[in-house]
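Here come two complexes built around subunit A, the first alongside subunit B, the second alongside subunit C.
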Partner chain A sequence: MILGYLGAGALLAGLVLGGFSALLSFWAGARESAVFIQVGRRAFYAATAMTLLAAVLLETGLLTHDFSLAYVAEHTDLSTPIALVAAGFYGGQEGSLLYWTLILGLLGSASLVASAVLGGRVAAYATGILATLLTFFLFVLAVVASPFELLSVTPPDGLGLNPVLRDGGMLIHPPVVLAGFAAFAIPFAFACAALLAGRADSAWIAHTRRFALLAWGLQTSGLLLGMWWAYHVLGWGGYWGWDPVENVALMPWLATTAYLHSAQVQEKRGRLRAWNFGLVILAFLLVVFGTFIVRSGVVPSVHTFAISAIGPWFLAFLGVCIAFSAVLLGTRASSLGTASGRPAEAVSREGAFVLQNVLLIGVIAVVFWGTVLPLVSGMFGLERVVSAPYYERAAAPLLAAVLALMAIGPLLPWRHAGRPTLRALRWPGAALALTLVMMLGAGVRSVAALIALPLAAAAAATVFTEYGRALMRKPEAILRGRRRYGAYLAHLGLVVVAVGLAASHVAQQEKDVTLTPGQQVSVAGYTLTYTGSEQRQDGDHTDFIAGMRFGDQTLEPSRATYAGLGGQALTHVAISTTPVADVYVVLADTGSDGSASFRVFVNPLVTWIWAGGAVIILGVLLGNAGAPSLQPELARRRVAATLSL
Partner chain B sequence: MTLAVKWGIPVALVAACVGYLIYTTSGGTSEYYLTVAELQSHAQAQSGDVRVAGVVQDDVVKSDGGLTVRFTEEDGTAAMPVEYSGTLPDIFKPGITVVAEGRLGSDGVFHAKTLLAKCPSRFSTQPYTS
Partner chain C sequence: MTRRSVAIGAVSIVLASVLMLSLAWGLGHAALSNPAVLGKPAPRLAIQPQSGGEVRVWELQGKPVVLNFWASWCGPCVAEGGVLADGASKHPDVAFVGADNQDTTAGFSAYEQNHPHAYPAGPIVAGSYQSYGVAGLPATFFIDSQGDVVASFTGPLDASTLDHYLGLVGA
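Moving on to the complex of A and B:
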């Protein structure tokens, strides 16, 4: 009971402090009043502290089973394992919003600590924008969807959570995705602040580079963890279904990826200034759009959203963000100017980055159209939806072109590419030709595979060429240029992921069978023998476990039935991973005569997806390791600063 | 060549390709997403594959070792029989909302190729009523 009052109080205090920080920071920034800029910043820290207090109180309520809190009673019960009780913090609507807000406050504070180097106005405006965002979230939490709502009668036990969600993957997937989204508010805030202050230089990019990379790394991990969870727990043999919930998480990732690349053109060459502001704004708007879609349930999805009062608030928030960004870009972009000197040729590093950006925005357009089609078509008649074939056919050519750019782009010099570049392209060219010949020789006839895999081989060859060059000349260059070599490592990881995606997509095989003990089934050359099934009572559910002998191991796909949940079943997939494919067995049903029905999948190279993900994260870590030693160099190259407005 | 020509033409070309891709593929691959009542009252939706959302009723009959299932899907105003072969979603049971993808046969039975269950995004099993 007392937790509820304290929590609501902390949220209200945070709301007041956040609003105060926002107003004061904009006012102080306009007047360049150093004292009040600092007061505004400290008010932001205080609002963050209040958010942290609220989070600690909610977590305390969960861990002490304080069922007077509606949130605790609705999302946990006494029998829920303690780790999942703790995870209930971000498991429900209100709690996950509080988590979002907390990450925004913490990362925002971290980004503001050293922001004075950007000059008083930029720092103050960034504080103001971050405080405005924080205030919006705290308002929703305090007024519309409070996690500290009290029940009139305290129940003896809570409702517990759905068995589908009682899984370790669910412990880490949602917080990583949400943190990845929240982190992108920092580049957004500083970009808008630089625009507001009329700063055309790339200081804001350098200042928020780590936050952008952090956001990208978290979003990448979040997407892959979600795929991993879907693959290992949901038991439909796949990992990506082009559901709106997945789409709205993919779009910010694509925009962030585009931004990480175009930001380099501005840092190194002083170009694409307006474009970079636009991309950062687009990425953040996509985050807000995704949050709105997921929280409002306006498009059909396999996920049942907790439809609540916060949908309209997020729509209004999205509208304000779009209007603010559009006005800001429209009024300030023309005055940004460009770097002096001759513009680059189209065939150059700059050109490769621009083309990659256009292609990624194309993929975003494809995914966006597929996601909103039900809304748009519903306005003009019967609702229409698209599914996997649309996304695959429309996005695959664009993604293949991106792979090709990964092979060519890193080898192109800045400004313009001449004859030496052609020589540099011989290694990826050879890798492409060799892979193509080997695949044709092996009898592969799938056009998709014949395009994707040779391009992936070429992109990998480019990474190895770059590393090889550095190692032969001076190996210490890799440590000094770790941003660059970290990025190449991330490229390599992405290539490995792409190979896994392409192979498992093109060559997946599946078979439905009903077997009696002793019978065999063969899928794609893998033979499994059904050895019989058994039934076990385990706590609140009954397990039916089937034995499938595969080589010298026994796979045990099972099905748990929860009597207390109206007989809801939960499948446990059995997966045997061989170097070239996963044998993936789902127990569909068991008969009274000892027979059992299975769906068996053979998924080639799925493990490459997870392995590639690990390589990407390594690349991000390498690119971020150590002190930001590149600052002096950046300062030297930075193009003349403040504009007169 | 001016800057606009050198950079604008390639960018415009790629943008045009993307537009063309979206236009052609979304026209060819989209399906109607309907309620049972809408399916029954719109003849143009009965010729091709459609997706129909509704609630599973109590008359679920399984056969063929659990791989084939027949049930009635209802949306409050209208109902239709659905037949589906394949692995059922884990949470499939009477009372949940499913989205069946397939086509309405001349026998009045909806032959589903895929069956999606609305997945619980919430941690809780049901909204708490106090």
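Moving on to the complex of A and C:
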């Protein structure tokens, strides 16, 4: 009970401090009052500290099974394993909002610590924008959807967690995705602050580069972890279903990817200034849009939270964000000007980045339209929905073009590409031709595969060419150019993921069979023998386990039936990973005569998706590891700014 | 301002307005469907009302069923109580069932004293809220006369929302 009062108090205190920080920072920024700018910043830190306190209190309530808290009673019970009880913190609507807010506060604070280097006004406006965002979330938490709501009667036990969520993947996927979203508020805040202050230079990009990269790395990991969970737990043989909630997580990732590239054009060449502001704002608006979609339940999805009163608040928040961004861009972007000097030619590094941006925006448009179509058409009484074929047909050609750009772009010089570039392109060209010939020779006739895999080979060849060149000339260049070579590593990871996606999508095979013990089934050349089934009692559920001999190993797909849960059944997939394919067996049913029905999938190269993810993370770490991101002068000013805190 | 920027501005405003309007429309029509049970036969569930006996959802086939999961400790459940009571009296051809979750006997009795249900309501004695994928209270499931779950709604119902869903099960 006391936790509830303390937690609500902490949220309220945070709300007051956040609001104070926002108002004071905007006022102080306009007046360029150094003292008040600092006070505003410190108020932001204090609001973050209050959010942290509230988070600690909620976690304490969860771990001590304090069922007087409605949140604890609704999301955990006494039989929930302790790790999942702890994860209940972000398992429900209110708690995950608190988590979002906490990450926003912590990363926001980190980004503000040395922000004075950007000049008093930009720093103050950035504080003001971050504090406004924090205040909105704290308002929702304190007033609309509090995780500290108390029950009038303390129930003896909680409602517990849906069995499908009782999985290790659930411990890590949500916090990573949410942190990736929250992290992108930092580039957004500094971009808007620079616009408000009328600063057209790229200092804000340099200052927030690490946060943008962090956001991208977290979003990438979050998406892949979600796919991994769906593949291992849901048992439908796939990992991506174009679910609205998957879509709204993919769109900010695409926009962030576009921004990481176009930002370089501004940093290196002083161009695309307005475009970069627009992209950062777009990425953040997509985050807010996604948050609204997930939390309001306006579209049916596997991820929807319980409906609560927060839908209208988030809609209003999205509306305010859109209006604010549009007015800001509309009034300030035209005055940004462009760099002097000769414009770049179309065939150049800049040209490749612009084309890549346009393609990614195209993919966003496709996904966005598919996501909002049920709502837009519903408003006119039509209720249209689109499914996977729409997304695949519309987005796949664009993504194939992005893959082609990954092969060509890194080899193009800035401004102008001449003859040496053509020579450099011989390696990816050769890889493309060789792969194509080999695939045709091997009898592959799928057009999608014949396009995607050779392009992937070319993109990989480009990365190897760049690394090879550096290693032959001076290996230390890789360490000095960590940012560049980290990016190449991320490219390589994406190529590996793309190969996994293409192969498993194009060449998946499946078969439904009912077998009696001793019978065999063959799918895509893999033969499995059914050895019989058995029944085991395990705690609160009964497991029906079937044995499938596959080579020298035995796969044991099973179904758990929870008698206490009205006979709810959960499947446990058995997967055998070989270097070229996953053999994925789902137990569909068991008969009284010892027979069993199976769905057997052979999914080629799925492991590549997870392995590629690991390579991407390595690339992000290399690109972010202590690389000097500032000119010496800016760095010196940053130290001074930090000391004057 | 050039004509071009006016045109861009106008198009942006129209697009943003359509988007916001459709999102707002979505909020008013939030069908928080539960893919696990939607379109499938309603999982077995029975409750024991205070008057004794058992009400079994699977025996109610032949008429539409409104199955409401609630608890005495759930504030929003009290709030929607009146709406459900009105609905039950207006639609005598629909079976309303209240399934009490994770409650104490004392809590249940006290609730029935203060806010007596106008239709059978009581603790679950067969089946479980989890077989319906209920993750928060209140949650209401709309089952048609063939016994299939047609729609579900999580959160407190208001009269117009209840009418909308009753229409879906042919009441």
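We take it that the second predicted complex is superposed on the first by the 623 of 645 C-alpha atoms of A that agree within 3 Å, B and C clash if a C-alpha of one lies under 4 Å from a C-alpha of the other, contacts with A are read in each partner's own complex, and residues count from 1 in each chain.
In this section, a contact is a pair of C-beta atoms (placed from the backbone, for glycine too) under 8 Å apart; a residue touches a chain by one contact, two chains touch by 3 or more.
Please read these numbers as outputs of a predicted model, since none were measured by experiment.
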Query - Simultaneous placement of subunit C and subunit B on subunit A, clash or fit - result: clash
Requested in this report: For A:V354, decide between first (touching subunit B), second (touching subunit C), both and neither.
Outcome: first
Query raised in the report: Can A:E534 be said to touch subunit B (first), subunit C (second), both, or neither?
Result: neither
Query raised in the report: Once the shared chain is lined up, is A:G362 touching subunit B (first), subunit C (second), both, or neither of them?
Result: first
Query raised in the report: So, does A:S334 touch the first partner subunit B, the second partner subunit C, both, or neither?
Result: second
Requested in this report: Check whether subunit B or subunit C contacts more residues of subunit A in the superposed model.
Outcome: B
Report task. Kindly classify A:P397 by the partners it touches after superposition: subunit B alone (first), subunit C alone (second), both, or neither? Result -> first
Query raised in the report: Which partner does A:E32 contact after superposing on A: first (subunit B), second (subunit C), both, neither?
Result: neither
Requested in this report: Have a look at where A:P312 lands relative to subunit B and subunit C in the superposition and call it first, second, both or neither.
Outcome: second
Report task. For A:A346, decide between first (touching subunit B), second (touching subunit C), both and neither. Result -> first
Requested in this report: Share the list of subunit A residues that count as touching for subunit B in one structure and for subunit C in the other.
Outcome: 70, 73-75, 92-93, 151-153, 155, 159-160, 162, 300, 302, 304-306, 374, 565-568
Requested in this report: Mind listing the subunit A positions that touch subunit C in their complex?
Outcome: 70, 73-75, 77, 92-93, 149, 151-160, 162-163, 292, 296-300, 302, 304-308, 311-312, 315, 318-319, 322-323, 326, 330, 334, 372, 374-376, 378-379, 562, 564-568
Query raised in the report: Where on subunit C is subunit A touching in the complex?
Result: 5, 9, 12, 16, 18-27, 29-33, 35, 43-45, 71-75, 101-104, 107, 126-137, 139, 153-155
**Report entry** subunit B - residues contacting subunit A, complex
**Finding:** 3, 6-7, 10-11, 14-15, 17-19, 21-22, 25-26, 29-34, 38, 42, 45, 51, 53, 62, 64-67, 85-88, 90-93, 95, 97, 99, 101, 116-128, 130
**Report entry** Complex contacts: residues of subunit A adjacent to subunit B
**Finding:** 70, 73-76, 88, 91-93, 151-153, 155, 159-162, 164-165, 234-236, 245, 300, 302-306, 343, 345-346, 351, 354-355, 358-359, 362, 365-366, 369-370, 373-374, 377, 382-387, 389-390, 393-394, 397-398, 512, 514, 565-571, 586, 588-591, 595-597, 599
